[in-house]
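Structures given as structure tokens follow.
The same subunit A turns up in both complexes below, where it pairs with subunit B and then with subunit C.
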Partner chain A sequence: MSTSTNKQSLKGMLWTWAALTVIGVIIGLYAPAWIMPKSMSNNMHLTILTMVVFTVAAAPVAAGVYATALFALTRWTHKGNDVPSAGPAVRENAMVVTTWLVVSTLLTVFLLIWGLGALAVDNGSTGKNPLVVDVTGQQWVWSFSYPGTHVSSPDLYLPLNREVEFRVTALDVTHGFWIANMGVQVDANVGTITTIHTTPDKLGTFDIRCTQFCGLNHAFMVTEGHVLTAQQFTSWLASQPQRA
Partner chain B sequence: MTTTLEQAKTAAIPQGGGLHRRLNMATAMIGGIVFASLFWYLAHHFLDATSRTYSDEVAGSLTIGWIVGFWLGIGAFVAPLRWLIGRDNTRADDLYLAGQGQGTSRYWKFTTDHKVVGVQYIIMTMVLLGAGGILAMAIRTELIVPGNHFVNQQVYNGFIAVHGMLMILALIVAVAGPWGNFVVPIMCGARDMAFPRLNALSLWTLVGAAGLLLTTLAVGSLTMGWVVLEPIADQAGVGMDFFAMAIIVFTVSTTVAGVNTICTILTMRTKGMTLARLPIFVWGAIIAAALGLYAFPYFSLVEAQTLMDRTFSTSFFVANAGGTGWLQANLFWLMGHPEVYVILLPAVAALFEIAAVMSRKPVFSYRSAVAGMTGLAGLSILVWAHHMFTTGWAPTLGGPFMLTTELISIPTGLFFLVLIGTLWRGNIWMKLPTIWMFGFIANFIIAGVTGIYLSDIPLDDQLHGTMFVTAHFHYVFVGSVLFGAVSALAFWYPKVTGRFLNEFMGRISFWLTFIGVQVTFLAMFASGLRGMPRRYSSYAFIFEHTNLMTTIGAYIIMAGMLVLLGAVITSWNKGEPAGPNPWHANSLEWMVPTPVPLENFEVLPVITEDPYNYGEELVRS
Partner chain C sequence: MNRSKSLGVALASVLLGGGALALAGFALASATPHQAALNCVPSQSAPNTCNLNLSTFPDSMAGEQGKDGGVHPDWVSYSNDNLVVPANTTVNVTIDQYDSGGSLNNAFFDQVMGTVGGTATIDGKTVSSVDPTNVGHTFTLRGIPGSGKTMFVSVPLPADSNTQSVNIGQGQYTKPVVVQFSFKTGAKGVYEWNCEFPCGSTREGQFGEAMSAYGYMSGTLTVN
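Moving on, here comes the complex of A and B:
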């Protein structure tokens, strides 16, 4: 292979890489919001944003590997049935290895910083008068009670724009408490209370599904949740039968 | 201990010996069943039938009987027993044990020749993949439409657990078993493994464990996934006792195999075979073996504790008696994450080897390859709690475990650098091994990127426990490891059989499997992103389309695997003859004749350079 065709092929590879990167970035920008459930909380906005950022960051790397592989397949394959002659005996290239290590380390550091920052926002509490909800899982139902009210409900009702603190536990085996529309998930463990926070910011209905295998009817451990306006929520609470 | 090839050739079946020469897989099964029955009878009659744990005690005893009888029946203890009474194996006995002059019957016996063990591992891998694959098809058939139609939920849950465990076992041995045994000793320039009898023991112990695992389905009442999460496993019936004992027995097998691999590579290398001249696959084999030695003891520990909770009423994992399921989860994942790399590393190392040979170039940056594999193994023991981000255990450890997990991108990145760098401007020979290698590269990128999402806690809080995770690790195991394993199979198959794996069928199989993987698991990603949890036996209507796609894709994968199975079987005796070195490679396994004679080398070779000097004569001259 002459130097000029090498240059040409590398140029073609660059174009392939650029095109694949653009495709990856477009997928990254639009696919998460399109496929994932409608966002109903601050945590879910962050979840989708993180998905977008990571996909966009990974796009050029993945595109680089795919572009090279495609080029290898089209330009560097041996034609014919005889044994190919040897390729260039390149064993080391300090520049390439160093660059690769530096770039992959920088990318990792970026992902890590983003992740730690997002983690702090995600799991933190605003501390502003959160509504506490006690969540109890048992085979194969959820129940929700509102401390201070004696109200207990098989469905979850939440007021709009007020932080909720879920205190989650289980009676028999471990269950997984997950609100797909709100980007929050924590296990319900026997004899322990685990806590998560979120702030619902859209009115509407959502599903609560169990994410931890819990036996026979695991697939049917689904409950509805509702985000109401503050007024609706108060009147809902008042209308509920008071259990001791 | 060495024999000359002359002796090996001239001797027919070595004379002497006794009962143990008649032992084989059938006597092992009989032994297992007899002892299992005996132990069952004793337990049944002498244990306290009013005890809460009675049925588990009986089941546990039975499983111990099975494995003891299986070992006795296969003849695992004959040589040590003879040594004990002062009638050590003679040279003729050892040659007989190595399978000399016994034709194909040696594949069904306690045979010590590393090449026989390698072939036995090929068969074992295919059996495990086949059984796990049938369960996968049953699971996907159940999930073709919402609702429970095909199997009842209890049976379905058992399928989930046993499918997972069978596939994990299959992939742990898929590359390291066949090729770690068949080619690694020859690559090192050794006549056999360091401990040939332990080698046979590891294989037959695996067979015994697989027998127990398959029985769990018949005994039934498994209520947990293969991770055997507590306290849910506590509700499982006696199938759980079989499951736990199968794991304990399996870890005996991996420990014995790991020690043997490490000792072989460290002590049996021929003159001049320095560590820096080792074929890169040997590095993969020893790193994976060392990592397995670290990881699998946790597995037998956690299953032993589970079994004790069930039989002796201990309470390691029983929440209302001072135990905790989080302890179980920690111990399990201390094994579980390194285990992924015990599976992955041999496949990756085989692909480095194949990339070099097929692109007619040296491995690019051999040192990066070794450093990457070592780094990955080292990091993998520090990341286990990323499987527990959403359990609520130790939230303050979230940051540190996110750090260690994301660092894994760096050694994994080196794998791509080595592969791509080796292919770079090569003269790539597009044969079956190469084609499956390209499939690996395409799929491993997707596995890697989706792994980055899951390492991030805010994203994991959304994706954990969903089909997204299932799709991610299937891209690792099916998309990457299986493709690497098939590439390795196509590459070394001619050394085993003297014939090529059928190129045409192999290509058909590749396209079916490759397309099947994309359809199956891309759709599964979508199911998970849309909000479908894993281990569901039914689902809401919003998950209909993606599940239908996944099931269709799974059938395509099955078709691809069946074509591959057809190719492996038909090419064994009827394939195109390949000669001793069909890929014109330089490492030692290609320098010996095919079929490889007993004890491999007539004269042990002396090594002066590594096996990657493609094109360097040209440069030098």
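Moving on, here comes the complex of A and C:
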């Protein structure tokens, strides 16, 4: 292949890469919020933002792979039975190798820092009078109790804009406590209490599912949660039968 | 083989493989392990009401498992696992509880929940909860949130401490504890129920064997 043909191919590939990158960035900006469950908490906002940032950051890399694959399949093919002569090895091109290393290192370090930061924020507590909810998983029902109130319920009720501290455990096998709309997901382990926080910031109803295959009726281990105003929540608590 | 022919063969292989997997999936999904349906019997005295009679046994000798108790005659069982009730109806349930018991692993299930009035009667006495250390089984029914099929009913069945013997089928038991309650059905659909007292074995928390198999301590309630 002549030098001018190579340059033409490279130019075409760069344009293809740029076009695919734009498509990837657009997908990254809009798809996560469209595909993922409706956000009802600060954790879920952060989860969706993280998906957006990661997808946008990955778009040029993915575009590079697709552009290269596309050109390799359509342009850089060899016809005939003779063995083609090898071109110059990429590993000997200092600019390509340096760019590759620097860009991928920067990208990886950025993702690592973002991920660790998001994880710290996600798991952190504001310490501002959280509502404690004890969550118990057993085959195949979730139950929720509110320490200090003698109230327990098969459905979860939460007040709006107040931090919630879930203390999650299981009685038989490992279950997975997952509120998709709140970006909350943690294993419920036998004999262990795992704590996770969130702050609901939208009124409405959500599903709570089990994410660990836990036996015969795992698929039916789904229950309903509700975010109420503070006043509605207080009324709901007062209306519940008090356990001894 | 030329290029287009190779592509055609590859595409056909993928389609055939996918079709075979889909067929296997449909076959598995439609294969039901459930027993014959137990239909709720319309009440002669009250409109929009029906009666459902069940039993719980310490083995499988008297239920729907067949002659000699089926494959696992020693497993605890409900008399039937395939319950069928009408939509928008009050279902009066009577459960004859023939099994012994012990402590719940989650005292949450000592409460009567989701029934008419939030109560049940046990040998004629109205209760809203029972002693969590003396429970034989529970009847716990739930729907699927988000599907319009929300329903949660849970009734504890106290352990049977009677001593008077009775024979049912090929089994010999003691006189049962009789638990009665009513609940209202809503939308059509298939709901799941099971026992929440740890009465199985082999797995952590005693939720294995009979607790993890349809036909014993788990089943469906079809609202139609």
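Convention: the second predicted complex is superposed on the first by the 229 of 244 C-alpha atoms of A that agree within 3 Å, B and C clash if a C-alpha of one lies under 4 Å from a C-alpha of the other, contacts with A are read in each partner's own complex, and residues count from 1 in each chain.
Here is the rule we go by: a contact is a pair of C-beta atoms (placed from the backbone, for glycine too) under 8 Å apart; a residue touches a chain by one contact, two chains touch by 3 or more.
Predicted, not measured: the structure shown is a model, and the values here were computed from it.
Undergrad: Under the superposition described at the top, does placing subunit B and subunit C together on subunit A give a clash or a fit?
TA: clash
Undergrad: Which partner does A:Thr136 contact after superposing on A: first (subunit B), second (subunit C), both, neither?
TA: second
Undergrad: Go through the superposed model and pick first if A:Asp207 touches only subunit B, second if only subunit C, both, or neither.
TA: Once the two structures are laid over each other on A, A:Asp207 reaches both partners.
Undergrad: Tell me which partner A:Leu171 touches in the superposition: subunit B (first), subunit C (second), both or neither.
TA: It touches subunit C, and subunit B stays clear.
Undergrad: Contact-wise, after the overlay, does A:Asp155 reach subunit B, subunit C, both or neither (first, second, both, neither)?
TA: second
Undergrad: In the overlay, answer first, second, both or neither for which of subunit B and subunit C A:Leu216 touches.
TA: Touch status of A:Leu216: both partners.
Undergrad: Once chain A of both complexes is superposed, is A:Glu224 in touch with subunit B (first), subunit C (second), both, or neither?
TA: A:Glu224 contacts subunit C only, not subunit B.
Undergrad: More residues of subunit A are touched by which chain, subunit B or subunit C?
TA: Comparing subunit B with subunit C, the partner touching more subunit A residues is B.
Undergrad: Have a look at where A:Ser104 lands relative to subunit B and subunit C in the superposition and call it first, second, both or neither.
TA: First partner only.
Undergrad: Of the partners subunit B and subunit C, which touch A:Asp187 in the superposed model: first, second, both, neither?
TA: First partner only.
Undergrad: Looking at A:Pro241 after the superposition, I want to know if it touches subunit B, subunit C, both of them or none. Which is it: first, second, both, neither?
TA: In the superposition, A:Pro241 contacts subunit C only.
Undergrad: Which segment, 38-46, 506-514, 542-550 or 596-604, is the subunit B region that clashes with subunit C in the superposed model?
TA: 506-514
Undergrad: Across the two complexes, what residues of subunit A are contacted by subunit B and by subunit C?
TA: On subunit A, the residues that contact subunit B in one structure and subunit C in the other are 172-173, 190, 207, 215-217, 220, 222.
Undergrad: Touching subunit C in the complex: which residues of subunit A?
TA: Those in contact with subunit C are residues 136, 138-141, 143, 145, 152, 154-155, 171-173, 190, 205, 207-208, 215-217, 220, 222-224, 241, 243.
Undergrad: Which bits of subunit C are touching subunit A when the two form their complex?
TA: Listed in rising order, the residues of subunit C that touch subunit A are 105-109, 111, 113, 118, 128-129, 140, 142, 144-146, 150, 152, 154, 192, 194, 196, 198, 203-207, 211-214, 218.
Undergrad: Please name which positions on subunit B make contact with subunit A in the complex.
TA: 153-154, 157, 160, 223-225, 229, 231-232, 234-235, 319-320, 325-326, 359-368, 390-392, 395, 398-399, 402-403, 406-407, 409-410, 413-414, 416-417, 420-421, 423-430, 438, 441-442, 445, 449, 452-453, 455-459, 461-462, 464-466, 526, 529-540, 584, 612-616, 618-619
Undergrad: Given the complex with subunit B, which residues does subunit A contribute to the contact?
TA: Residues 1, 6, 32, 35-37, 43-44, 46-47, 50-51, 54-55, 58, 61-62, 65-66, 68-69, 72-73, 76-78, 83-93, 96-97, 100-101, 104-105, 107-108, 111-112, 114-116, 118-119, 121-123, 168, 172-174, 176, 178, 180-181, 183-187, 189-192, 194-195, 207, 209-220, 222.
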